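Below you'll find the structures, each written out as structure tokens.
The following pair of complexes shares a single chain, chain A, combined with chain B in the former and chain C in the latter.
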Partner chain A sequence: MTVNRGIVAQIAVLAALAVIPLVVHNDYYLHLLILALMWVVIGSAWNLLAGYTGQVSFGDAAFFGTGAYTAGLLVIHWGWSAWWGLFFGGIMAVVIAFPFGWICFRLRGAYFALATLALNEVLRHVATIWESFTQGMVGIMIMQSYISKLPYYYIALALAALSIIIIRLVMRSRLGYYFLSIREDQDAAESLGVNTHFYKMLSLVIAAWLTGVAGALYMNYMGFIDPHVVFSLHDISIMAILVGIVGGVGTTYGPAVGAFIMVLVQEMFRTAGFGYIKAAAKFTDVQFLISASEQLTKGHALGFGILVVLVIRYMPNGVVGDWGKLMIALRLQKTGRAK
Partner chain B sequence: MDLFLQTLVSGLLKGGLYAVIGIGMTLIMGVMGIINLAHGQMMMVSMYITYSLFAYAGVDPYVSLLVSVPAIFTLGLFIQQRLLNPLLRAETILPENQVLMTVGVGMVLTEIMRFIFTSDYKSVRTSYSSSTFFVGNISFSVPLTIDFLIAILMTAALFLFLIKTDLGRSVRATAQDKEAAVLMGVDSERITYITFGIGSALVAAAGTLLIPVFYLYPDIGGPFTRKAFVICILGGLGSAVGAIFGGVTLGLAEAFGATYAGMEFEDIIGLVIFLLVLLFLPGGFKRITKV
Partner chain C sequence: MSFFRADNLVKHFGGLAAVNGVSFEVNEGEIFGLIGPNGSGKTTLFNLISGFYKPTSGEVYFMDRRIDGLKPHKINRLGLVRTFQVVRPLKRMTVEDNVIAAAFAQSGSLREARRIALETIEFCGLGRCKDMLAKSLTIGDRKRLEITRAMATGPKLILLDETFAGLNPSEQDEAIGLIRKIKASGVTIIIVEHIMKVIMTISDRVHAINFGQTLTEGTPSQVVSNPGVVEAYLGEAYHA
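Showing the complex of A and B:
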């Protein structure tokens, strides 16, 4: 009956997420949740390509940025609603991904990873230099459709749920087995008659489509993009990898867990514990706390980097992948204390 | 014609330093089989060391080579021993974990430097920073010419080390066939530390040499990491001779691109070459030079 329990748990989580905005009226927390849900989509897409198909991408920002720019350019050049971007953004990302994959899937492992990185860089430079079309470094600014965060929240939630459903369906079907066989041993898969090039393309196209849609959502939600935000190597491509790794590579829910952890951790460092340390410092007037909160805010990216190193060093399979290991460690600690 | 020659000269001079950066990365690639995406960041740290020595103690950048190179060598040893090698033993789905670790290391190094020195642009302006001499109508930048000569010396010394010494032979043996090398009694773990150290030391030297002519800020590492792997791909991963060709080619391509296509294309050119080589000459110049 584990399957039923699994479904119940999923529905419970989804219901809880759907109810949250009705209970929490704080815009700031909703903003964080929207970002986390967006990262669920991107992380899941990365995970499909890297975790399941074994083709590690260092350039997810290429698809994310394409989606975001599609939405933005529709507004400034043709006067369409940016919401069309949710439809066309995904398609444009696929249009970019298709020839890229067609050519670059001849490369393997680290070479492919570097090619994706190069794609990311090339697109960022194009978006910067082609000023007549993309407005270059000025970026694109549009009016958001809603002042309230609720509509965005539910759209992001729907997308996140959709991406997880898609990945579940794919991985349960015949396709999933082909993907896994490519990850485990490409040559063996090929020799057994799996058209590896075709299935790698398929995996890339699905991943690019999801990432592009997430990019379009970002444009709609944030209302402003420029090449260094949406084509950012560190803030998008590396973050996508971290979401996947922290949560658990090659697990369905890993990226979802990873997305929430990473967004919260990043924000915690940036705001020095959501501003609570600062508040505590003001309240108690302890000198140590004041300087601690200041240093933490100043070094937020440093803390983030150290976290990355520690996670890869001690939990290479992520929270979901190493869940058993984590539990054993916790239990050992408990029994150790009891003794 | 003068413009052409001038571009050629500045491209060659820059290419010499790029070659040193590329050799460092390609050595690590050859022995470890991974791409070190913290390579440019190591260079950035070395540049900050040089900058601090110059700003607070007035040490000439060329003298501070004696400090920055051993310091980054040690840093490289530490990273390899404590952070990268343990990952080899971990059971993971993705073999790329080590590469991701170098990304993390790069981030940490960048942020430490930003924490200490802030994001402001720094520069080391020595008396000879902008001095030039002329051969015919072609101007040569004095620091870049000295750098070029030092780069050649270092490359020659490295090749001597790799070909003549016992340790160098062990490094090459490990790169060629790790298991066979272990069977012949090579301590491959030790070789990995040393290689990572040497690769880092080379890029550290390049950083120190570049600083009289470059601005310095914490994010300078990223672009140089990208240049380094473009060079490696051009030369063929793991090939030191190829890296020299790759470095010079990239230097020339950037110089000609900047002169004839426009400054803003300088960064794209490297990447376009990178994609073209991956497509049409996978394996890089190694396929032609066979070394």
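Showing the complex of A and C:
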């Protein structure tokens, strides 16, 4: 019964997402949706490694940026289509992840997280300094294949669906059970016959691959990347963590929900309340609103930090994990108001 | 050739020789008791046998294969499994999922692993809490889960480290029953235990150590009447 209902709900959501661009012709909304779908991929990947396998990554941008640069470099050096990046970008992310994991999975807990952070920083510097190959700070600009947003939207939707399907299949197999047991207790897992090093590598490789593919999609869609955009610590690596924890760590659909929420939040910061604050400031000419709108845009990294703290404090299991709690809280508020 | 053999095992931690030249053999199908006072090196021996520590010197043989220095998961796949003295449940997983994870050692398919897990859960008497999260179990049930999980990997030899500590008398009796059942199912057992009543009732042979060295080995009644053992291990209790 519940399984059937679950499948029906999934198909309904997927169908709704497939129909949206036929109904919504607003490019701006489509743009936000494409980003959200891309973040579903990245968030699901982060969640597989951190949420299910217990190996927290602070440096997802390393894989995202590698995928994006692979797509871009294929164009500027070899004249290939950037779409090949979807294939080779994922592979290159794995090529980076493999030796990294091989060495760094000997570190446990916080040390592994710090190593991913270091990888992120190292790769950003490489992309910045190695000008003859990467064009350094100038970045890479390519011609986008389509003017319309529709093709990008459907590719992003397909990748998002693919990543959720992969996560579901993995978590219902030996792999998933082994990932969870590694998260819960590595020594116990070893004693039960789990090759913990191998399965941690596998989790990392799947996560890096998905994240690299998302990076390649970003290159194709945006047409421009530079080291500070795709290897960004706060806009990519921290954002990936936020997508994971806001939605719900260790839940299948948490990252999907988190992606939509966080893209909205990010956009809210970027545009200072979707431009409403600015408009209000112009309209009323109140000095406070003008500076508030500026500060909001400048302070989005700080805002992300505060958000992390709030979520961990009040909804440690995220929107999906703490759904029951959230509903109760909202209902309580209503009855409170009624009094 | 012997079923299991530890040969002159030595393990140093810095200047401390936690295990210092211990040798013993275990026959297929028996319950082999390992006793010794606190800190005498019993758990360290288990860690050496199960691959968690590499011996400073000495060798371990299991079914004609040298296993010292192998990784724990490899040793598990050969059919040798250990439990932990301080239990290590996979806390945020249900009892059933804990055991399924272990049963994947026997089969790659979830359906088959679940079948083995449910069978083992019934066998070990954990059926009433199979849907509970492991972290919410009582200490008695946690110990039982530790054994259930180990059994689900399909072992030929199981190492039980103080399975009875913290159990009340009626739980102890149940645990004795379970260990007898495990033996009857054809699995060989090495058991570390402080409670003499338990060791005396279930062991076929007992090996006593102190300060990482062998005191004596023999039938339970031989071992408890050995003066060295009486002094080292039972001394306090007997003098009191």
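By definition in this document, the second predicted complex is superposed on the first by the 298 of 339 C-alpha atoms of A that agree within 3 Å, B and C clash if a C-alpha of one lies under 4 Å from a C-alpha of the other, contacts with A are read in each partner's own complex, and residues count from 1 in each chain.
What we mean here is this: a contact is a pair of C-beta atoms (placed from the backbone, for glycine too) under 8 Å apart; a residue touches a chain by one contact, two chains touch by 3 or more.
All values reported here derive from a predicted model rather than from experimental measurement.
Looking at the superposed arrangement, the partner reaching more residues of chain A, out of chain B and chain C, is B.
Of the two partner chains placed around the shared chain by superposition, chain C is the only one that A:Y177 touches, whereas chain B remains out of contact. When the two complexes are overlaid on their common chain A, residue A:L192 makes contact with chain C while staying clear of chain B.
In the superposition on chain A, A:Q10 makes contact with neither chain B nor chain C. Once chain A of one complex is fitted onto chain A of the other, the partner contacts of A:Q144 are absent, as it touches neither chain B nor chain C.
In the superposition on chain A, A:T271 makes contact with neither chain B nor chain C. The contact surfaces that chain B and chain C form on chain A in the two complexes do not overlap at any residue.
Chain A makes touch with chain C in their complex at residues 172-174, 177-178, 180-181, 184-185, 187-196.
Looking at the complex, you find that chain A touches chain B at residues 50-51, 54, 56, 103-104, 106-107, 109-111, 113-115, 117-118, 121-122, 125-126, 128-129, 183, 233-234, 238, 241, 245, 249-250, 298-299, 301-302, 304-306, 308-309, 312-313, 316-317, 321.
Residue ranges on chain C touching chain A, taken from their complex, read 50, 52, 71-74, 76-77, 81-84, 88-93, 97-98, 100-102, 104-105, 108, 110, 113, 149-150, 153.
Those residues of chain B whose C-beta lies close enough to touch chain A in the complex are 34-35, 83, 86-87, 90-97, 99-101, 103-105, 107-108, 110-112, 114-115, 222, 226, 229, 233, 264-265, 267-268, 271-272, 274-275, 278-279, 282.
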